[in-house]
Amino acid sequence: MNPDKSEYNYKPQKNPILNKIYQIIYFSDTKAGKFFDVALLVLILLSTALVMLETVSLINIKYHHLFFIVQLVITILFSIEYALRIFTIKNKKSYIFSPLGIIDFISITPFYLSLIFPVLHFFVIIRMLRMMRIFRIFNLADYQQDGTYILKALRESSRKIYIFLLFLVVFIVIIGSCMYVIEGGKNGFSSIPQSIYWAVVTITTVGYGDISPATAGGKFLSILVMLCGYSIIAVPTGIVTSQFRKQTKSGKSCDRCGNKENDKDARFCKICGEKIV
Amino acid sequence: MNPDKSEYNYKPQKNPILNKIYQIIYFSDTKAGKFFDVALLVLILLSTALVMLETVSLINIKYHHLFFIVQLVITILFSIEYALRIFTIKNKKSYIFSPLGIIDFISITPFYLSLIFPVLHFFVIIRMLRMMRIFRIFNLADYQQDGTYILKALRESSRKIYIFLLFLVVFIVIIGSCMYVIEGGKNGFSSIPQSIYWAVVTITTVGYGDISPATAGGKFLSILVMLCGYSIIAVPTGIVTSQFRKQTKSGKSCDRCGNKENDKDARFCKICGEKIV
Amino acid sequence: MNPDKSEYNYKPQKNPILNKIYQIIYFSDTKAGKFFDVALLVLILLSTALVMLETVSLINIKYHHLFFIVQLVITILFSIEYALRIFTIKNKKSYIFSPLGIIDFISITPFYLSLIFPVLHFFVIIRMLRMMRIFRIFNLADYQQDGTYILKALRESSRKIYIFLLFLVVFIVIIGSCMYVIEGGKNGFSSIPQSIYWAVVTITTVGYGDISPATAGGKFLSILVMLCGYSIIAVPTGIVTSQFRKQTKSGKSCDRCGNKENDKDARFCKICGEKIV
Amino acid sequence: MNPDKSEYNYKPQKNPILNKIYQIIYFSDTKAGKFFDVALLVLILLSTALVMLETVSLINIKYHHLFFIVQLVITILFSIEYALRIFTIKNKKSYIFSPLGIIDFISITPFYLSLIFPVLHFFVIIRMLRMMRIFRIFNLADYQQDGTYILKALRESSRKIYIFLLFLVVFIVIIGSCMYVIEGGKNGFSSIPQSIYWAVVTITTVGYGDISPATAGGKFLSILVMLCGYSIIAVPTGIVTSQFRKQTKSGKSCDRCGNKENDKDARFCKICGEKIV
């Protein structure tokens, strides 16, 4: 089953040509539909790459005209696609106001606006959000299972992670304030928010080094914080790992002995030998 | 059961109004009690945010008067709350000398003192400790289970982590001293405590870069230390993760002997041999 | 069984001397073969060390002539080995066009070419690739099992890790673009690719500090990114760990149907229901 | 059982006083023995702290005389202890040439030598090695179990970790060489050893930032290396964690059904209900 069909409230058009285009654009069941999906993805990645390279001044100066023309072509193609998407679907609102529909719209408009008001060219950057269409790859049967496996583990352990983050945030705020007091508002610890920034950089072991303790007291507290952070970094890992294990283990249960840890491909209970349906 | 009731040695007041206020302030069973708790939390977070922003000189210069007035109002509200807490509870000592009671007291006094001695304004920062009241959220049934789950895992594995930290500290001190000798007291390794600070920054993979080896020997030792640290970082994670797993698995209780520590896949009680459903 | 035998399409030479040399060079079954392998490994490591030291200008100036002579000797030995490898094997193409054969060839040629065109001396560095012969150690029975154990775990979990990396890359590109906009193309965030570099450095917790946020908005976003990264770092660990556990557990084979994937705690084959000892 | 007894080849002295001292110094069975152990540990920690503080020039200038006197007293006490250790033990060689005996000896001598040749004062630092006596704490029954639990997990998984480190080292050397070529020997990548140092700093996510890529190619390779490192950091964690789990799970086995996963305190098999001896 193609999840898209339910997603967009599937209602086939009566006009056979419209219906054909509708099928190609919205679904990847057919050969043409798959080709369209891949072509669109390539266009999106190309467009994203262009937006990136435009911000590199050396490259932009050299290829400015080329970039403009390619973006123009891509924008026109995106516009045609957007028009077709609206035109072919029956329940138009279901697309226009869906997250993907909104992203599609705000991916096109800034470019046209920038033709009139060049200042707005900056907003062409919004186009990068279309990149999220890449996750449509999860419709492919092979990857869908693994994708949902990861997402399920994160969702199941999210509440434990929230609580952990709550602990962490309070810990970070208190440590940050202590460092502000100890370093006396100097050496980069110029305010509590600044010191909190330092505490996050330290506990997550990023350690830019743009702010680092300079006094003996500050260094001593840092040592404690780092050793502490070293120990508690294990907590989210432990939560997620134990969740992964739980998912891997849960499978077919046996009616006779109640063993729930039979593999998914098991045909007999590994504990009592009973046949499993 | 509300854990607060036992915490504060619950003794209902005879005066019905006092008793009502007592219930609202100390417990969150009733609607009014819940509202009070949330309102207090908002006030605490607001007060914390103010203390933080006051340390940012640019903002403080602009809004100094506003900040003062809001802090004054908050402090008065906190004072009223503190007075009511003492007034309504029967066993006054149980609150005044409890950790939360002491924090509540030292959250109010610095502000009043700073009105007389402006130098003491700095100590208003202590107010941030009240933020720890946020952990009262664990009284909410939904979160309590997950919170205790994490705390239990940390407590159960704490002795193993202590031993690991002991190993680590000895390792760090020896590595730090070696680096002091190798770098010859130069390049930031100006003393052994300084070198130990470097060793902690390195082994926890924080890596500020405020001190980094400059000699060939120092760099070589650093490489060994980092690869070593890379391997031993797995130890606390392993300890905590295996503890989480253990907890996830243990659960079934026995009807006959009451043993609650049977594994989830157990079919007979490990203590009395009774069949478990 | 020596995996080499199949790897090189084992066909013994008729000439007994050629066959003897062939055995020694390609296999490590015999005493001489083992000695040859170790001697070759020592030569390769020596050659690698020389290439490294040559790039250290202080050392190179001092020992330039010594280095040249040793490299010359090693290159001649490597050439003899290469000639013997081609000469003694029957199916010459199977060696010459194998990855190891190509590496062996390009390890020798740059040195000879540099005798004629000194500019090419730089390419002697390619010789370091021969170091990969060290993985031949996995032919040793003791290590083979552990090596394949690790490789299997990585291969089995590779698809989950790919999907995770896909998520991560999209996340990184979007975060990088946001930081470019927020920091306004200043403070090192001079282009989107540059900002993406920063995002990778931050999320992987490397944190060089060559680029770090300077504005309040940038620092705030960084804090969110770091806390986020701190939580998702658990995902690859969880995937690999749960895979390791799975492998540790699977093992018992069934005598009747030959299924080898029964869990270690299985008492009946999950496929045919036969009792397992 | 006190592991010391076997360690030092226990042979009680005939002279009762000698035997008493021998018992106190070498064993912690008696009250006096425990007191001696603790007192010695305190002296060692004090001595270590002094050595550390002596290297901080500001403190050393101020308290130089005090430090000297305390070190003199400690050294004399250590000397007496050393003499008693030799004098009271029967098998003198078993102590003198044991690792601890050698450390004890080289902890004392540098100080005396420095009285004659002040230059040698530097070697007093060797005294810090005595700190390793802290691990004698594992003789305490409570901690011994947890200590050996960790050590066993590391030892059991050491071969897998060695193989992983071998992979890592080859990977690091190749990456380091690539960066040397890409960055063209500039921006801190002045030689291959230097680039290897960078590669280790990056892959272990320490990230000092003393060397960081400056060219576009170098940054691109760095991104790949960091994402790669992010994925493989999971491997040692996975190895150790799965080892911890394995140890936690293995316990009493059941004679009837063969289930090996009964807890250590189990009295009946959790699968078949059989009594376990």
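Order of writing sets the labels: A, B, C and D. Residues in every chain begin at 1.
The rule is simple: contacts are C-beta pairs under 8 Å (C-beta built on N, C-alpha and C of every residue); 3 or more make two chains touch, one makes a residue touch a chain.
What you see is a predicted model; the values in this text were computed from it and never measured.
When chain B is fitted to chain D on its Cα atoms, the angle of the rotation, on a 0 to 180 scale and to the nearest 5, is 90 degrees.
Comparing the chain pairs A-B and B-C, the larger number of C-beta pairs in contact belongs to A-B.
Interface repeat of C-D: among A-C, B-C or A-D, over half of the contact pairs recur, by residue number, only in A-C. Averaged C-alpha coordinates put the centre of chain B at 30 Å from the centre of chain D.
Our note on geometry: chain B versus chain C, Cα centroid distance of 43 Å, whole angstroms. We define each chain's centre as the mean of its Cα atoms; on that basis chain A and chain B are separated by 31 Å. Contacts with at least two other chains are made by residues 193-194, 196, 205-209, 233, 237, 239, 241, 245, 261, 271 of chain A. Of all residues in chain B, only 48, 51-53, 55-57, 122, 125, 128-129, 131-132, 134-135, 137, 142-143, 146-147, 149-150, 153-154, 161, 165, 168-169, 193-194, 196-197, 200-201, 203-210, 233, 236-237, 239-241, 243-245, 248, 265, 267 touch chain A in the complex they form.
Taken in their complex, chain D has these residues touching chain C: 159-160, 163-164, 166-167, 170, 173-174, 177, 180-181, 185, 190-194, 196, 202, 205-209, 212, 216, 219, 222-223, 226-227, 229-231, 233-235, 237-239, 241-242, 245-246, 257-261.
In the complex of the two chains, the chain D residues touching chain A come out as 205-209, 237, 241, 271.
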